[in-house]
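Across the two complexes that follow, subunit A remains constant while its partner is subunit B and subsequently subunit C.
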Partner chain A sequence: MNAKKIIKKFIFMLLTLLLVSFLVFLAFAIIPGDPAVHKLGTQATPESLEALREEMGLNRPFFARYASWLISFVKGDMGISYSYNLPVGSMILDKLPITLTMTALAFMFVLIITFPTGILCAKHNGGKLDRFIVILNQIMMSVPSFFGGILITIIFGVVLKLFMPGGYISYTKNFTKFLGYMCFPAIAIAIPKAAMSIKLLRSSILSEAEKDYARTAYSHGNTTGDVLIHHVLQNAMIPVVTFLGMALADIFAGSIIIEQVFNIPGMGRILLSSISNRDYPVVMAILVLLSSAVIIINFIVDIVYGIIDPRVSQDD
Partner chain B sequence: MKRKLFKLFSVVVLATLTIALTACSGDKETASSSSITIGIPQDMEDSLDPTKAVAAGTKEIYFNIYEGLLKPDENGNLNPAIASEYSVSDDGLTYTFTLRDGVKFHDGSTVTAEDVVYSLNKCADAGMVSAFSNVTDISATDDGKVVITLGTPDVDFNTALASVNASIIPASNTDPDHKGIGTGPYKYVSRSPQENFILESFDDYWGEKAKIKHITLAIVANTDTIVMNLNSGAIDMLARVTSAQADQLNDNYEIYEGTMNLVQALYLNNAVEPFNDVRVRQALCYAVDKDKILDFVSDGHGSKIGSSMFPSFGKYYVEDLNNYYTRDLDKAKELLKEAGYENGFTFTITVPSNYTQHVDTAQVIVEQLKEIGVNAEISLIEWDSWLSDVYSGRNFQSTVIGVDASTLCANALLARFESTAHNNFTNFSSADYDEAFAKANAETDDAKRTQYYKDCEAILTKEAANVYIQDIAELVALNKKYAGYTFYPLYVQDFSKLYIVE
Partner chain C sequence: MKRRKKNLNFHIGLTISVVMLIMIVVGLFYTPYNPEAMNSALKNAGMSLAHPFGCDNFGRDILSRIMVGSRTTVLVGLATVVIGTFFGIIIGAFTGYFGGMADEILMRIMDALLAFPSILLALVIIGLFEPSTWNLIMALGIAFIPSFARIVRSEFLRCKNMDYVTAAKLNGAGDMRVMFVHILPNTIKVLSSSVLIGFNNAVLAEAGMSFLGIGVMPPDPSLGRMMSEAQSYIFSNPGFAIFPGMILILIILGISLIGSYLE
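After this line comes the complex of A and B, so read on.
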């Protein structure tokens, strides 16, 4: 990773964001309805609609609107929400901790589950435990997270009463209770992701374990566990890290759905309501944020690659 | 290095799990005795200024925070609120209001005639209440009264003064959009977008004070989890649950049953083929079985209607019209034959997808119309598209929707069918109707006026303007810890009557 490459990646990132923002803006210009129609609802008269459109600046040509949005966004001003009449920046800042906490917890759960289970499976390759986990994995992978969320709500919320379904507590009110509540949606997101990474880690370890260096390690008298953890794991992790990077971005963006199931007022809720309210300053800001997150995570994955596998950085 | 990282990671994991588990066990804390959490399906509008409120879901909550000169009660009466009494001049043009002594705003200041003039002018400028377009002057007299002058006589003008949009707010509030100050039994405390809206009872309220101190309106956007949220106790009350949801609730809940106060119908675009032919419209009326729809949509709850009027409007409601068309497939087919549609036809029912009851109703209608050879297709669209395409654009064949009344007068439901009305989205046009409606509005004698309105309703039925179906049942789930839920003939929620059962 030299400076030139970083700059190249950075420019590419900016171009991607520009494209994303343009496409979203375009989509809003094409779909029927606009913020003025939404705001006036059934009370709208042609005159009042026209007046409100003028006030909101919706009557200007498409490119003029996009340009003015882009210029103020670059300056750090994300605009004012049409449906809440609040600065978009502060609105998102209020919701960001919720989504970030959920993402962090979910990713932590993925890591906790993946590594011990993956290694265990590879160690007992072909055994009863391995076969059981492989089947369980297959099932978990095919369960969409929203369904998993409903199951978790029923099992842990309704039956075991470990948490109160729908009883979200704001992080500003009681942080520990907030964290406690967030664990459950995080588990719901983590399960399918963990299942996929276990599968990947298991097969990656197994294929590495057949290579010559592993055989050499065995011949030195090491136990299976020793060989797997100290010799094989680092090499086996390369494809897993790629997957985990993608999964992290996916968890961040995918938390939108699970927020609905657990009634969490995070970024996803704001995003969905803003789409139906045609509140495009909010939608634009959130989508640009989400896309930057995805791009930045990929960037970090590239760097982590270099640390795990020195060949990657040498090759470039 | 790797070891250290691993240790750090383990510490973080353990700490989080410990916190999470201790937090879980502390979850069963009992709520403060004088508070209630009420679920609402959508967030409130941006502005806390009642004169700008549009959405029915916002206005029904603002009913608790803001009040006008007059206020409706649960029996459909208009009672003095901020005004203690009022008189109308003989020509019906001048309304003089005496203000109630010592009515306080939530910020502690006293309501003055200037505040009233300011608020009503604001309401007139915002243009949300059509009756206000007739107002020529609003002024305060030297002895603290408020005089409203109209351009032409309007017997129903007092009902407009009771609407949430005509609420009285302090002229001194420089930021009414973000700082909600009213005179109602509850005051606004705070809000968090898509999360909650918090109210607190107002100790200096002039009337009967609210019994529950703290109200949290929690936004429950996902209808699939509503039942779980109620059963877990996360929310104590939810208005408008479906009968399927009500069946799944546990013993902690009492279900209150009323009606939603709206005219649900298969609204037909009277200007497009084939619905420009009255015989086709009548054929549809004969083919639809309202009882079956009620059974399917809400287990038989709700009340059938036959015109653009619902039962809680009392004197204006004509029950006989409900049975003007009884199901008669032969007659329906005959009418279609006369109209030249012997082999039936195909049309589209456009329904906003967020309203389950309307979508369900449309599905039953599709099945029933098949029996007379008419093929209906349902097209589900988003609410905003419905607003722009169907409601303002009038670019549709038919739609299933519920129309509500903003004020307690017949006009609120009937004005839209005047052929030139700006909100006549069904393009209904009938010279007889226009005549009867004009007569009603010009009449000052209440009995005659009511009769003209009834004539209007009968014309809508006979002309088969739309396929009228029902006033949908409203089921309210309330935790048995609380009681006192009261239905109104308008689309409002009155939280001040709720109390805690000892």
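After this line comes the complex of A and C, so read on.
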């Protein structure tokens, strides 16, 4: 992938980010309901409402409001929460480590589970182990992460007493215990994603292994394991990388639900409570951040894709 | 060998789906108990012959609630897919067939929408309005349009220069006729497997949203809501959460097995 192409993709990513921020701003600008009324209550006098609208800049034209919102957002000023009267930026910054840790752990589990299992399956293609894993995979793919979380809580929390259900420990108090607790929700998110990527990796390896270059490698006297790992895997990984990129974005957003199961006060918790409190600055900020993360992840996947598959940079 | 395995998958999937369908249809006319009837004597009762799945925290029969709740879940999934496919076909067909500036703009917006994971998009829409079953269907429906539009568009792009399309045009068929009578039927194969995947995602999204308490509203039971209510009782009554979850897994498993056959 050459620099020109990367720059083109980068500009494209910036445009998508801009469009997303605009859509979010537009959606929250056209909804019925006046933030000033919401802040002061319905008993407020028209004069005080008007004063507050002026102060919040609600009387300015739409594009002017969008521009100033966007500029201060990029600078890190995401507004003031209606219900907590705190800067949104610091509220989110508090919760970000929790969500990021969970996402990172879950993604790590996906990688750790996928590659050995996928290669193992392909190596013993058609054997008892392979068939067992294929069936298990099909079932695991259908387990919603929050139900997986409930099952993990029942099995490891209630029955085996490996952790205290709902006993979240803050990362500021005890980081090791925090990590230990976060492993359980991370596994719950990782299971269905890992199942899908194992399926993809397995079939991708099998179709690559039938190609001529793999046969040549075999005829040079390599063992099946050698051929798969040193020759086939790199090519077989290409579709898996795309999937893993999407999975990473999904895991990040899906953490909202799993937080509820494990009683974790992360980004999902504030997003949900802000939605029910109609605390729009917080909702907007979280949405823009989450979707920006997804867009940036996709951009990185695109670049990585071009590096591992030189064919991609040749066409179009 | 491969063919036979695929057939087996299909049969298992079909069997599971038919059993689930029968359960839902029977639930329309008959449930062992009134799903809303509370009974304080049976609070969190375990499994028994009279109540095979036990009772919930209000002493309501879990099996009866599952029968009614999975209907809600499946209906929301169906409605979502119908909305998503309908608008997806229209947007995808027009942009793919005509191309040009409108195509560029619409597809950029679709790309931007796709950057939101669908559950997040649905969350926003619910956040803008009120949580209710109808708003949930609308929110999920809108959230599913972009992915269908992309699929239909790429199919139309692939087909629009094919010989049969040129032949139809030479025969004097108008654009509308070419698009919906000639090209659309040829996209069915690709579309049907993505409809099944979409249905599963919609069922999952419904369950997730209801689990968060912003989907189906009480007193309507739905599988996701039952699991969220069950959360406080996993110590005393694990079956309350496990059985609805198992049914949810079976619904998704059945459809995904059929889907993997169609692929």
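Observations on the model:
Just so we're on the same page, the second predicted complex is superposed on the first by the 240 of 316 C-alpha atoms of A that agree within 3 Å, B and C clash if a C-alpha of one lies under 4 Å from a C-alpha of the other, contacts with A are read in each partner's own complex, and residues count from 1 in each chain.
By definition in this document, contacts are C-beta pairs under 8 Å (C-beta built on N, C-alpha and C of every residue); 3 or more make two chains touch, one makes a residue touch a chain.
Just so it is clear, the structure is predicted and the values come from calculations on it, not from any experiment.
Of the two partner chains, subunit B is the only one that A:M108 touches; subunit C does not reach it.
Between subunit B and subunit C, more residues of subunit A are touched by B.
In the superposition on chain A, A:L19 makes contact with subunit C only, while subunit B stays out of contact range.
Looking at the shared chain after the overlay, A:G254 reaches subunit C, while subunit B stays out of its contact range.
Of the two partner chains placed by the overlay, only subunit B lies in contact with A:S170; subunit C stays clear of it.
By the touch criterion defined above, A:L290 lies against subunit C but remains apart from subunit B after alignment on the C-alpha atoms of chain A. Shared-chain residue A:H231: touches no atom of subunit B or subunit C. In the superposition on chain A, no contact is made by A:K123 with either subunit B or subunit C.
Once chain A of one complex is fitted onto chain A of the other, the partner contacts of A:D94 are limited to subunit B, with no touch recorded for subunit C. When the two structures are aligned on the shared chain, A:C183 is found in touch with subunit B, with no touch to subunit C.
On subunit A, the surface touched by subunit B in one complex and the surface touched by subunit C in the other have residues 31, 150, 153-154, 157-158, 165, 260-261, 272, 276, 278 in common. Note for the complex: subunit B touches subunit A at residues 9, 12-13, 16, 19-24, 26-28, 42-43, 45-47, 54-55, 127-128, 177-178, 192-196, 218-222, 224-225, 228-229, 231-235, 382-385, 387-389, 391-392, 422-423.
The touching residues of subunit A, counted against subunit B in their complex, run 31-34, 37-46, 48-49, 81-86, 91, 94-95, 105, 108, 111-112, 150, 153-154, 157-158, 161-168, 170, 176-181, 183, 260-263, 265, 269-270, 272-273, 276-278. Taken in their complex, subunit A has these residues touching subunit C: 15-16, 19-20, 23-24, 27-28, 31, 138-139, 141-144, 146-147, 150-151, 153-154, 157-158, 165, 249-250, 253-254, 256-257, 260-261, 271-272, 275-276, 278, 283, 287, 290-291, 294-295, 298.
Residues 9, 108-109, 111-113, 115-117, 119-120, 123-124, 126-128, 200, 204, 207-208, 211-214, 227-228, 230-231, 234-235, 238, 241-242, 245, 248-250, 252-253, 256-257, 260 of subunit C are the ones that touch subunit A when the two sit in their complex.
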